[in-house]
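Naming follows writing order (A, B and C), and every chain is counted from residue 1.
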Amino acid sequence: MKLYDYILSPSCYKVRLMAALTGVKLELRPVDFHPGAEHRGPELLALNPAGSIPILEDGDLLLTESSAILVYLAAQAAPEWLAGSKPEEAARVQQWLSFSGRLTASLGGARLHEMLLRPGDIGALQAQGIAALRELEAGLFEQAQRGKRFLAADRPTVADIACFPYVALAPDGGVSLDPYPTIRLWSRAVRALEGFIEMPGIHRLHELKPEPTVETGDA
Amino acid sequence: MRSDTTGSWTPVALSRDLPAGTVIPARIPAGPIALWRSESGCPTASANRCPHRGMSLSHGFVRGEALSCVYHGWSYAKAGNCLRIPAHPGLTPPEAIRVKTYAVEETGGVIWVAMGEPSSSPMKLEGLLALRSLTAHAGIAAIEAAAGAKAGPEGLVEPAEGTEAICLLLSAQENGETLIHVLLRGEAGPAARIAASRAAESLRRKAEDLQKKGIAQ
Amino acid sequence: MTMQAMIDEWYPVGLFSQLDQAGRTTTLMEEPIIVACDADGHAKVTSGNGRTLPVLVRYGHVWSSLGEPRKELFPIPEADQPGRRFVDVGCVRVRCSPLRAVENFLDIAHFPFVHTDILGAEPHTEVQNYKVEIREDVDEVWATQVKFYQPLAAKSASGGITTEYMYRVPAPTCSVLYKTCPPRPSEWDVITLFVQPLAEDLCDVWPWMALFDDVTSMTDLIHFQQTIFLQDRSILENQIPRLLPLDPGMEIPTRADLTSVAYRRWLKRHNYTYGAQLVAQ
């Protein structure tokens, strides 16, 4: 499986993270998104005329939507990351997968504007991002009342991976995460998952490692 | 609400939102703080600024009974003294390196922080369940108007009937924002808690609407 | 704030490879400028009111100034050395003082916590003594014999090595780092941080590299450096205050911070205070 990847893209990170959590091996093909704009070059446009990444290639299967890629990886290697048989759970997974598109458009847009100087109405993007974060906060709070720590179930699903990166990187776009205590708990739960990997802008949970015993050099 | 905040308690967060071994950002009238809970469960309110390079300590991490800065790993005890400078593992940090800490009390599922030395304990929230905290882009007056009730001296608003038996504990933030701790009367099952949360969201929408209209006038 | 002492300096304002005739609008010390090229491909920088600004092209970037630069741009002899690959990493905007961005670049003690498992890792947190001086002949800050254990020092490194560094500050918002070059132990890799001050608390950072590495793809080299810098960005945007405090009582340095101490002293001496806070507030 070959992933056309950009290290700073939260959507590409979703795929890398999902692969890491489910033990899928990916062949990474780095794309010079910035400053080279390689995703708008002929080779990549031939694969994805929309000019976006990630792109996943597996045999003749070509996927260009990150949510679809997450579902594909999970179905291949770890079906427990997909919705179970309960209609409500299946619907919740779909609900948050769709919702993740709004995070990309709002928080992702704000981040590209503030960090890589892409055009956009920053005030509107940030306001839409805040509205989405409030919905996520309320949704997670309600799930907690139902005894569930994650978006669709009491276990993480593809929905959590679809939403996590743009949320965790909201501050990159000038949107504070301070007002969302339930998102903070959820984000921590995601970051503490076995096999979790970071991307730039998301720090390691150093507390998961014990404090090293003092070792001093001679200097 | 009191205008002189020295010695008075500020409700900064709910206990449920600060598990052992974590740090979160919070705010008191003196400014931002890093609110953290050690592995053993003890809550501490530290000034947010690491004295080394000014990094925000609420971005740090908690190991054992200490808070560490994420920038260079300098760690601080509950009393505020610096315990460890990883760049110099053999060095005992000088006494002068410390972060200011504030008095903390935890009661009724709410964490309170005081500047100075308060003469009394924070208010008791008898029969109230601490549900969730949310931030409104609205001032206290707009929230009072939305709730149809005035805040008491400690910031407690008991809305008029029809609002799912919720009470609001308010704390003014910067930029005209207000932190609202939503409290629910008596024991309530999941359905009632979810309904109360939705009622609080509606109340926030109303308050923000009033705030916007107020600015438009 | 005094803009005067820094106004006559050269600043990076764009990548030469990305110039076009339409031009790119950007900002230099709060003044809007347009960076373009003319029909012959020569770089041209114009201020908002139509004034033509000084311009030169060096190290992959276009450099300009709002004032009248009295000096040439600082030399990087390695930029003319055959066999090196030159990497335009591209621009990243950061909400921080340009001086804070440079100071962070001079710091190694944060590697285990911010660049975990790449440039550093616990328990290898100790910073050994190193040498710092202000070289009066060239008027530059230099730190030498800086050594640090790194799990993955460069794209061309395999496994952990103790890396040696030299740091140089030849201009108030630029730094040049010389670093152990895994494939050629007798040479140094050159990694620079060129910072364009947009305002006192906002900057565009243009990392650039001149490396000996014939194996790694250009894209991988860019991504490695972008990874490192984006890890720093989340720190830089959360330092309080955003301006660099030059009041010695405001922040506490240790022996590991001697480069920063010298940098701050040098800034103060030259009145390079655009982006600095002089008294505690």
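In this text, a contact is a pair of C-beta atoms (placed from the backbone, for glycine too) under 8 Å apart; a residue touches a chain by one contact, two chains touch by 3 or more.
Listed by chain with UniProt protein names: A = Glutathione S-transferase family protein; B = Rieske (2Fe-2S) protein; C = Aromatic ring-hydroxylating dioxygenase subunit alpha.
Bear in mind that the values here come from a model prediction, so they are computed numbers and not experimental data.
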Chain whose averaged C-alpha position falls nearest the assembly-wide average: A
Farthest chain relative to subunit C (centres taken as mean CA coordinates): B
Mean-CA-position distance for subunit B (Rieske (2Fe-2S) protein) and subunit A (Å): 28
Centre distance in Å when subunit B (Rieske (2Fe-2S) protein) and subunit C are each reduced to the mean of their C-alpha atoms: 38
Chain centre separation (subunit A, subunit C; CA means) in Å: 30
Per-residue overlap in subunit B (Rieske (2Fe-2S) protein), given as positions that touch at least 2 other chains: 59, 70, 73, 89
Contacts with 2+ other chains: residues of subunit A: 203, 206, 215-216
Subunit C, residues touching no fewer than two other chains: 113-114, 122, 125-126, 234
Residue ranges of subunit B (Rieske (2Fe-2S) protein) in contact with subunit A within the complex: 13-14, 17, 19, 21-22, 24-25, 59, 61-64, 68, 70, 73, 84, 89-90, 132-135, 179, 190, 193-194, 197-198, 201
Residues on subunit C engaged by subunit B (Rieske (2Fe-2S) protein) in the complex (per definition of touch): 109-110, 112-114, 122, 125-127, 234-235, 238-241, 245, 250-256
Subunit B (Rieske (2Fe-2S) protein) partner contacts - residues on subunit A that touch it in the complex: 134, 137-138, 141-142, 145-147, 178-179, 181-182, 184-185, 188, 203, 205-207, 210-211, 214-216
Touching residues on subunit B (Rieske (2Fe-2S) protein), where the partner in the complex is subunit C: 48-49, 51-56, 59, 70-73, 85-89, 91, 96-97
In the complex with subunit C, residue positions of subunit A that touch it: 6-8, 30-32, 34-36, 38, 114-117, 171-172, 174, 200-201, 203-204, 206, 209, 212-213, 215-217, 219
